[in-house]
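Chain lettering (A, B and C) follows the sequence in which the chains are written, and residue indices restart at 1 in each chain.
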Amino acid sequence: MDKGKFRKRGVDYPIFDGTRTLPGKYYHSEEIYEEEVEKIFYKFWVYACRAEEISSVGDYKLIKVANESLILVRDKSHEVKALFNVCRHRGTQLCDKPKGIFKSKSIQCPYHAWTYALDGKLLNAPLMKEGHGFQKDDCALHQASVHIWEGFVFINLDKNPAPFEVQMEALMGKFTDWKIDELRIAHHLRYELNCNWKLILQNYQECYHCPGVHPLLTELTPVQSAQHDYSKGAVIGGFMDLSKDGGSMTMTGEAAAPSICNVSGDDLKRIYYYSVFPNMLLTPHPDFVLFHHITPLGPEKIINDCYWLFRPEIINDLKAQAGIKSAVEFWDLTNKQDWKVCEQMQTGTKSTRFTRGFYSGREDILYQLDLELLKALGHHNTD
Amino acid sequence: MDKGKFRKRGVDYPIFDGTRTLPGKYYHSEEIYEEEVEKIFYKFWVYACRAEEISSVGDYKLIKVANESLILVRDKSHEVKALFNVCRHRGTQLCDKPKGIFKSKSIQCPYHAWTYALDGKLLNAPLMKEGHGFQKDDCALHQASVHIWEGFVFINLDKNPAPFEVQMEALMGKFTDWKIDELRIAHHLRYELNCNWKLILQNYQECYHCPGVHPLLTELTPVQSAQHDYSKGAVIGGFMDLSKDGGSMTMTGEAAAPSICNVSGDDLKRIYYYSVFPNMLLTPHPDFVLFHHITPLGPEKIINDCYWLFRPEIINDLKAQAGIKSAVEFWDLTNKQDWKVCEQMQTGTKSTRFTRGFYSGREDILYQLDLELLKALGHHNTD
Amino acid sequence: MDKGKFRKRGVDYPIFDGTRTLPGKYYHSEEIYEEEVEKIFYKFWVYACRAEEISSVGDYKLIKVANESLILVRDKSHEVKALFNVCRHRGTQLCDKPKGIFKSKSIQCPYHAWTYALDGKLLNAPLMKEGHGFQKDDCALHQASVHIWEGFVFINLDKNPAPFEVQMEALMGKFTDWKIDELRIAHHLRYELNCNWKLILQNYQECYHCPGVHPLLTELTPVQSAQHDYSKGAVIGGFMDLSKDGGSMTMTGEAAAPSICNVSGDDLKRIYYYSVFPNMLLTPHPDFVLFHHITPLGPEKIINDCYWLFRPEIINDLKAQAGIKSAVEFWDLTNKQDWKVCEQMQTGTKSTRFTRGFYSGREDILYQLDLELLKALGHHNTD
């Protein structure tokens, strides 16, 4: 249907007002969630950790991808491996501490002491005799594919993953000026939320809610400045303009640090908001990079890990700590404002009276996100 | 089948001894509960709140009817509205504080600031353009029907509700002498119970359990005096006689207050026990009115809110507080005695060995309640 | 398939290396668990309590068998009865205190005061008239069959139970020298574990895990000494040799008490490990007897009650308390080591990458246990 158009900054936008949202079951149904896990979280590239978190041989971090536990580990060739946290002997979880270092440079099962190399190869299965259905070489730990982009470790649990660059086309070359691979984690906060993972992505892609929900953010970046980048596929994003030259998203509105590396021109006054489908939000500022890692635990429960990346010299500069703190406080405040309304939307959409909502023109990109979701699920209609 | 009869107070009663109860699944099954929600809680008139709780324009109280959250609110015409707590934009729960006042005399969604009048009409949907599938006039908040009887606000979530007077025929004109609409809440206690909602209604309709469970109640109102009123449909009830003239149900057995308004004659020595199917228990005393509001949260979990209504002049009289306190203590004690056995019945009926129990003649009206339930569910047999 | 053989202590054992474990669903699936409850826990003889725990007329102990609550009680003929904890009137749980004494020598329902003899017979149903579908004699409490072996009370919930001696053939006459019926509970510890009940039985039947998991146990009883007894059916077991003459499983390795009664010869240096399928582990030492009572609460949750049995004269001897304490501490330590790996196995086997594990030759008897399980369930394949 022809929805008409409206002009904004000299551009004709289609009018999406009145386009309908997904039905409520897409946020609550256990069945749809299981389908999402299988067709999205176990098929797509998903964010796992920062390379810096496992910088030395033997360093590891456990992550969850839906129901799966994986060990992200730096092996002896200094490569990052993503090993399923499951012994090949009888299925015991190999490791249950969230992070650490394998001091022996090997991974030993706590139950029967089967021992694996850091790259997953089975080194020793005590007393097991080969040749009666058991071959050591067939018993390496299962692993997921790994791709590192700008210091972000992405993994793919599918046995035949699509190329990273296809899924992430919208990101290729996009934030090169920030040299994000050189940045380091200055701060981390973990949030546990009672809402569907998609509500977080949707929340991040529209500023229709900003005037009411985020008074401070709206002061620093006027709502009217919100604009979407051209993007393809499920990675979608846009930016907003800072109202103050040399400002940033902090409690004071002042930059938290000098601008990063080669960031220049318009980027010095823009905050980018990218939803890196399905489990990451990426927000380059002129002076730092914020990102969220979303771990779904069920249709109505997620963990959201939020990280602040700064230049290492800033992190190590005592005089720069106030700026970092101000950036952390600003986003912690803003995050909590968002989580509250996401959780209220989660609750409300369970009503039998909620069939499908209405998108405004400011939420056009959410409709695109819905279409990508349905495509990934292979749903031709939503009933 | 002919079950014979027995005489009591000169009346021939059919002998129900040996009539069988419902099978255990009616108290535990998730499926049957869902059916009850749909065919009973979303079809019948259900108790919501007292009119006095939302007496001024903008006053509201949130209530739950099974899985639905509703805003009971006094609108600008001083009418009570029962609005579904779900924004028409994208389904966000509008309000999450249990009660309060909408100071702006409007209801604003916390997410994108859509704003509704107190009667549910959509006043403002910022930036939304009409005419592409969206019409403001079609986007009033969904609402339930409202009927106020004696100061009790009842609502009906069905889109074509049956007349209130048909469902509540047994109550029509029944307690006029109490002028219950003039009474006010003197006290409120909330209980959370692990049992099916029907066990509470059943418990209230037989005094077969009184000698063992309620020694004090049995002293104040002899078990032999228990008698059922003529009643029709799912509203069932009866009364018991006070053993002491001018007494009431209090810790001392003395009246908590002077008798109410026009209460006279036999009613001065009677305690009425009505189960106002499906979610209310109503207990007029000569001197006050007790009632319970049952909110099911699942097949095995309910909230029970218990209220004591007194004349406003009693509530405001410092010298009358001891009487109120004595009534509260008596019923809190008695309630807890009941909850304990209801929860034990809930547990026991889960045994594979429990098929169907046996009703005694003293529990004949419970059998009638079962039949009304099966009728409402459209169950012709219970296997 | 021919798996070959290997020699151990002059005996040819078949090589089981590479035999596959059960698929993960046998540890997690709600459906398979329900099947196990019905076909195993409600069909097989299961351990209930020690006879000493209900030694006098009226003494009772509540136990759970999966979802059923039973009252183990000593009746007036001094026999042990296993009564379903469910009133025949309307299904109320009769008793909710874990243990005690029925002082009235009868069991009265707390709801409507129906009263039963200690052998389950209905003595009194107040006001109930017989002859209209209700007969008192038909309304005794449901009961399970009872068999006492060596002071252990076993019960069977099946209405036509197989003979105890058939299921427990492997135990018949096996531990007579210990006169276990004369022993008494010196200590009891309760553990709540997040794992499937079968993992506990499996854990108890192989010492492949001992070197890594139990350093102290391995010092006291060398792993190489582990050997399986001949056993039939689902009761399986074996023993290990103490490295020290006159030693036992205690923190010091010294015996906790003099050896028991007629225990002699090889038994003075052996620790027996028997899995009394489905819910008991039995571990006779030269000087005491340890046993575990496993109560499943779901596919991934159990209660494990661990008891230490000693001669009564030891329990009453003040000077012997240090020995008892040392035995308790040793097994508490060892238990917790086991529970940790069992819980990690439970978690790991939920991975989609876990299909079936590999048994080593040291785990041959676990494969036998799997076959017995599948036989009990009537599963001809495990897909």
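Throughout what follows, contacts are C-beta pairs under 8 Å (C-beta built on N, C-alpha and C of every residue); 3 or more make two chains touch, one makes a residue touch a chain.
In this text the structure is predicted, and so the values were computed from the model without any measurement.
It takes 120 degrees of rotation, in steps of 5, to superpose the Cα atoms of chain A onto those of chain B.
The pairing of chain A with chain C is characterised as different-residue: of all residue numbers used at this interface, under half are used by both copies.
Chain A and chain C have Cα centroids separated by 47 Å. Contact of a single residue of chain C with at least two other chains is seen at no position. Interface residues of chain C, counted against chain A in their complex, comprise 3-4, 6, 15-21, 24, 208-209, 211-213, 340-341, 344-345, 347-354, 357-362. Residues of chain C touching chain B in their complex: 42, 67-69, 84-94, 96, 108, 110-113, 125-134, 139, 142.
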